[in-house]
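So that you can tell them apart, the chains are marked A, B, C and D in the order they are listed, and the count of residues begins at 1 in each.
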Amino acid sequence: METVTLTIKNQPGLFLEADSITPDAFAGKKAEEIVDLPVYVGRDEHRLGDFFEVSGRAGATPAETKIVVNGDLSRVKYIGMKMTGGEVVANGNADMYVGAWMQGGKITVNGNVDAFAGTGMKGGEILINGNAGNYLGAAYRGDWRGMAGGKIIVKGNAGSDLGTFMNGGEIIVGGDVDVHVATHAEGGKIVIKGNAKRRLGGQMVEGEIYVFGDIELMMPGFAYRKDVDIEVDGTKGLFALYEGDLGERHRKRKGQMIYGKLYQRIRA
Amino acid sequence: MAIRVNLITGRTIQQGVSMEAGKEKPAYTTACGIIELDPADFKKLGAFRNTNVRVTSNYGSVIVKAVEATQGPHPGVAYIPMGPWANMIVNPNTYSTGMPTFKGTPVEVEVAKSEPVLGSLELVRKGCRGELA
Amino acid sequence: MTKTITDVVCPFCGTLCDDLEVVVSDDGKKLLEVYNACAIGAEKFLHSQAKDRITRPRMRQEDGSWKEISYDEAADYTARMLADAKKPLMYGWSSTNCEAQSVGSEIGEAVGAVMDNTATVCHGTSLIAVQDIGIPSCTLGEVKNRADRILFWGCNPAHAHPRHMSRYSIFPRGFFTGKGHTGRKVIVVDPRVTDTARVADVHLQIEQGHDYELLDALRVAFKGEQLPDVVAGIPKAKIYEVAETLKSGRFAIIFFGMGVTQSIGKNHNIDAAIAVTRDLNEYTKAAIMPMRGHYNVTGSGQVWGWQFGFPFAVDLSRGFARYNPGETTSNDLLRRDEVDAVFVLGSDPGAHFPFSSVRKIYDLPSVAVEPHETPTTEICKVHVPVAFVGVEVGGCAYRMDNVPIETRKVVDAPEGMMTDEEFLKSVLMRVREIKGV
Amino acid sequence: MAEFLIKNGFVFDPILGIKGDVADIAIKDGKIVETSAVTKPKIIDAAGKTVMAGGVDIHAHVAGPKVNIGRNFRPEDKLFNCTPGHGIERMQGGFSVPTTIRTGYNYARMGYTTVMEAAMPPLYARHTHEEMRDTPILDQGAYPVFGNNWFVLEYLKNHEIENTAAYIAWLLRATKGYAVKVVNPGGTEAWAWGLNCDNVHDPVPYFDITPAQIIKGLIEANEYLGLPHSMHMHANNLGNPGNYTTTLDSFKLSEGIKPNSKFGRDQVMHHTHVQFHSYGGDSWANVESKAKEIMGYVNSHDNITIDMGQVTLDETTTMTADGPFEHHLTELNHLKWANADVELETGSGVVPYIYSPNIKVCAIQWCIGLELALLAKDPMRVFMTTDHPNAGPFIRYPRIMKWLMSQEAREQQIDAFKYKDKVIDATNLAGIDRELDLYEIAQMTRAGPAKSLGLAHMYGGLAPGLEADVAVFDFNPNESYVPDDIENAFSNARHLFKAGVQIISDHEIVSNGNKRTLWVNARVNENPQVMRDVKEKFLRYYTVTLNNYEVSGHYLPNPYVIEVDATQ
């Protein structure tokens, strides 16, 4: 795997739209070609090299390309958008749409990300070592096809609207989450190791939510079924199983109604 | 003595009429530079009707006149008609929807008898220039 | 001598009443009386006659005072500001006609602006919900002629849409509703005992900010599933009862307002309310409608819909349209310092945005096109007063149920004043000159 | 105005009867003229290329309230496909429901110059006209819907044809409408109570009238007026297994009625998107094609024209005034559902839909549409449509041409179906080897629809005197080609002229043209009763006043009024 290193040297006046920072756009290019890739500030087109020092070279294919981005990226959008393979490491806070519509490869952010990370994600892995913003692993507006595959791990907290319209894949949040989790979900798995607020599984058709900490308020559409002994992301324990959203439509499989499942860990 | 209440904002007919008559006019301040409190909350606050109060949230602070709620009872809920006074203190968090959280901001209300309720233009102007207390 | 003009359309709220009568002087220069309007609508017509009205553009000076400038100078300043900016915000577009909105779109395209309308602080979250789940709706005449279950959720028409209840929802006698209000059951959900709640058969005094939970509970009740004892401060027996009332109607309508769009959950509250409506269509006929605020905010969403494909928060900065509330919405843009100039027309963000956003506008180059003197004009660098649409110039507007009605001119604007459309056209011309296209 | 001479192209024109011969087409003052009539024309070299009249779309949902619902509630339909303006083109966006601007340009790119909006709710006529105004290039008209209108229901309950006709004339004028559209007659009124009318004899709740009475009455009223187009029909029971009997029952209501029109049409009923109405079986498990039965009837009754409603196997957005159908659809696919019932007049619904080649029913629908066209004896009476965007977006017309013109292309598609064998069993298509030629395509897309619309005096051909709507395609019918060449060539006209203005030059859009809006002004004898009824209904039941209802002229900046004298 070849590595390209980007180090931000000029902060944009407004925000930098850098959908070209992906292994797919870099693949087969040398540093002097990569600096010419387009980025945008408002309506102005610039070169990537106007904002970043670029060194190293990309591999022949996205899968053979690793990108390391250094510096304060909190005004840089779209890092790793639509990437299909390879690796991106962002050493700093990043703005919106990290790994949005991602299909493969891995993104590591050593910092926080703003909203819409992993929007419409189909595959690959996003590891966020800080906090994530709102709409992590959610669907784009209007789309009923949210996160379909892949894995998102957040070491810190996540914002509101986690996994909206989630259909598949996995999201693990080490800390707390804000309101609205797995709304309209029809599949997938969300693990919350900290506390949750309200509106978990609202309008949920199918899928799984695991909460290790407290839930401020349970949806009225979730009913307690039973206690179960399970292992979740390496933690074994007793969980209370709730099913819902009872107000929502549900499929039947083998004569059995399939509900969304919400497991809350029972403290010893 | 300060009380904590849950603040909501919205339209009133007086707000609408005075807005159309001119936001620079005193009638607009009379209509919107107010906080409607439930009688029970007045009691807790230990204030008379029509006393100026300071309303403070995590996001700001504003002086308005405390009046008795006309569409109550709603103990624990306070109402400031939509407008620049309410907007000094509402929760601007949009939760990435574009919409600030205009309704449901926890606020503290305390009597501020001697402080004036500013007119809308002055309030916004002074706020922008950093001239508000 | 005076003239009476009939079938006048009221340019205040989304109710868009079109049965006003206005008496004007024989020369059409003075507006004397307004009939059939609500207090707010009447005030809007009468205020146009104010003696102290500002009738010429003005620019803020270094010392804070205003200096009168010509419309040409104002158009030139506006065009330069927009052309110089990398990402200007063009906000408002709700208290104006569709004709002006269309010219605004062309300017937005030419300068790469973010176009946003007042839905962003009003029913923008409803629009998001509609994109997620759809919206079974109808025109207001369907309500008048058929509805026997009227549910007002988080809205207070007695104050915000004063003639709504008499024209469309509670009181009118329609084709299948000959008994008027006695044939209807009215339910109000509101944390306050509003004046609308006082005329209702049932008032659910909901715990503020728990709309999503209560709506979900209604859906659970429709399906006959078990509920917790109390949801959102409402005992479960009451919830089952209201669910039954709704199901047993022939035609149920839900009207909703800022109580749900602006409370926590926002789009999700509307989403759940629409889900309730969808559910009701399994049992009977049901529709749902947002109580749109400005008289033509709906039209702005329609015009942008057919021109760009999105009803608000349209980011044209990259040369093509993009849309994502939370990113391309005015308050997010201002909060995050994503825009470098602000143009306002047909709205008053200075009064109606959270102050943290207002302050950002103050710090940027800014122009306000606005007939009134407002907190926005107070903080903008240039104020361009214009004729009142629907009073001094006609043009198309869309009612809250998307029905387009052509507003009427009833009286002349003060001598020498421009309309929104005229001013925008001169800005567009200047923009094209500056850009050489 | 500039003169043009389009030289040496292979011309396909049913009006001139030219079947691919090399000929020159001359343009002067916006019209086609004899080649001898031009003096200093600009020469357009069309050697080795195909030349046809501008396409005429008789049925598409391109402007108005439900189309805009489709746009506004589907941001995902525009994700990553919005494009910048360049040259004279403005920004564009949208796949299945494009913006008005993209609509105009994309039709032009396919060589289409006239597009009829298929369903205009009268109360929303102003909106429809605003959108058409913002659709560049194309001549357009819109069909107000009548089949669930209270006036019509009340008049036709007693078979009051003259009153119905007077009301139609009034409404066409008030809405600046073009033709009488009927959608699920009675069924959409029933849907206002959550009900439907499943067949032509299923009575409408309260109004005590059957769909059959509505259909027959509206045909008669249409002929009483002698309108340019016939009654334009979307029958009851759309989209349901076994519905072909309802379709045949509806067709039969036209029997014995003679066309009364000075505009050259021969039909009294145009039935639209027949694909959706040609299903046998009694469930989705055994649904099968009844295209043979349907075309058996159509081929033997020349007072009917139809269009296909061809499924294109895309993700699209369905939208129709058939409110109950859209509710039925959302129950099936659980996707977002918009509904918009309109007081006293009509309703509509909008639901996204994915026609997947992996779903048996979708593949059967695809076959049925093609069968209709391939079983047509008279291509002047069977027209190409996708009922845009219901069965697919209009941009797929060139792909449909490919399927109609090439058995190989059809076989490729059938082979790609997941349930190929079941699909073949349920349909006739695999046994049909007919390949249409470009002359027949010109009949189905130009001359035929123009004639059916009563617009053969303006559109659909290249005879002198007609509007100079001419398209030139990079397609040489005399050279060998693979099926995809058809799709590519007809998706991207080399040149296009609209009313004598060059719109496309070497594949570039160079002019926004001078679009016109067509509407029909039918004059009838004074009818005090109808005018009294109109006043009363507005006073008591409408929520807008009568004086605010009529669409004023400035919404049609360039109107083209077709006058009809029905006074007698």
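Quick note on the criterion: a residue touches a chain if its C-beta (ideal position, glycine included) is under 8 Å from a C-beta of that chain, and two chains touch if they have at least 3 such contacts.
What you are looking at is a predicted structure, and each value in this text was computed from that prediction instead of being measured.
Greatest centre-to-centre distance from chain B is found for D, with centres as Cα means.
The chain closest to the protein's centre is C, with centres computed as averages of CA atoms. Computed centre separation for the pair chain A/chain D is 44 angstrom, with centres defined by C-alpha atoms. Between the CA-based centres of chain A and chain B the separation comes to 39 Å, rounded to the whole angstrom.
Centroids built from CA atoms put chain D at 56 Å from chain B.
One finds 22 Å separating the Cα centroids of chain B and chain C.
The set of chain D residues touching two or more other chains comprises 73-75, 77, 335-336.
Of all residues in chain B, those that touch two or more other chains are 95-96. In chain C, the residues that touch at least two other chains are 128, 131-132, 264, 318-319, 323, 325-327.
Chain contacts here follow an irregular pattern that is not a line, a ring, a star or a complete set. Which chains touch which is summed up as A-B, A-C, A-D, B-C, C-D. By the touch criterion stated above, chain A contacts chain B in their complex at residues 115-116, 133-135, 159-161, 178-179. If you check the complex, the residues on chain D that touch chain C are 63, 65, 67-68, 71-75, 77-78, 82-85, 90-94, 97-101, 123-124, 126-127, 130-131, 134, 150, 191-194, 206, 327, 330, 335-344, 347, 350-351, 540-545, 547-548, 552, 555.
Note for the complex: chain C touches chain A at residues 85-87, 111-112, 128, 131-132, 212-213, 216-220, 222-223, 225-228, 231, 264-265, 268, 271-272, 275, 279, 317-319, 323-327, 336-340.
Residues 6, 8-13, 15-17, 19-24, 59-60, 69, 71-74, 77, 79, 82-84, 87-88, 90-92, 94-104, 120-121, 123-125, 127-128 of chain B are the ones touching chain C in the complex.
Chain C contributes residues 12, 38-40, 43-44, 47, 50, 120-121, 124-125, 128, 156, 158-160, 162, 191-195, 197, 205, 208-209, 258-259, 261-264, 266-267, 293, 312-313, 325-332, 335, 348, 350-359, 362-363, 372-375, 378-379 to its touches with chain B in the complex.
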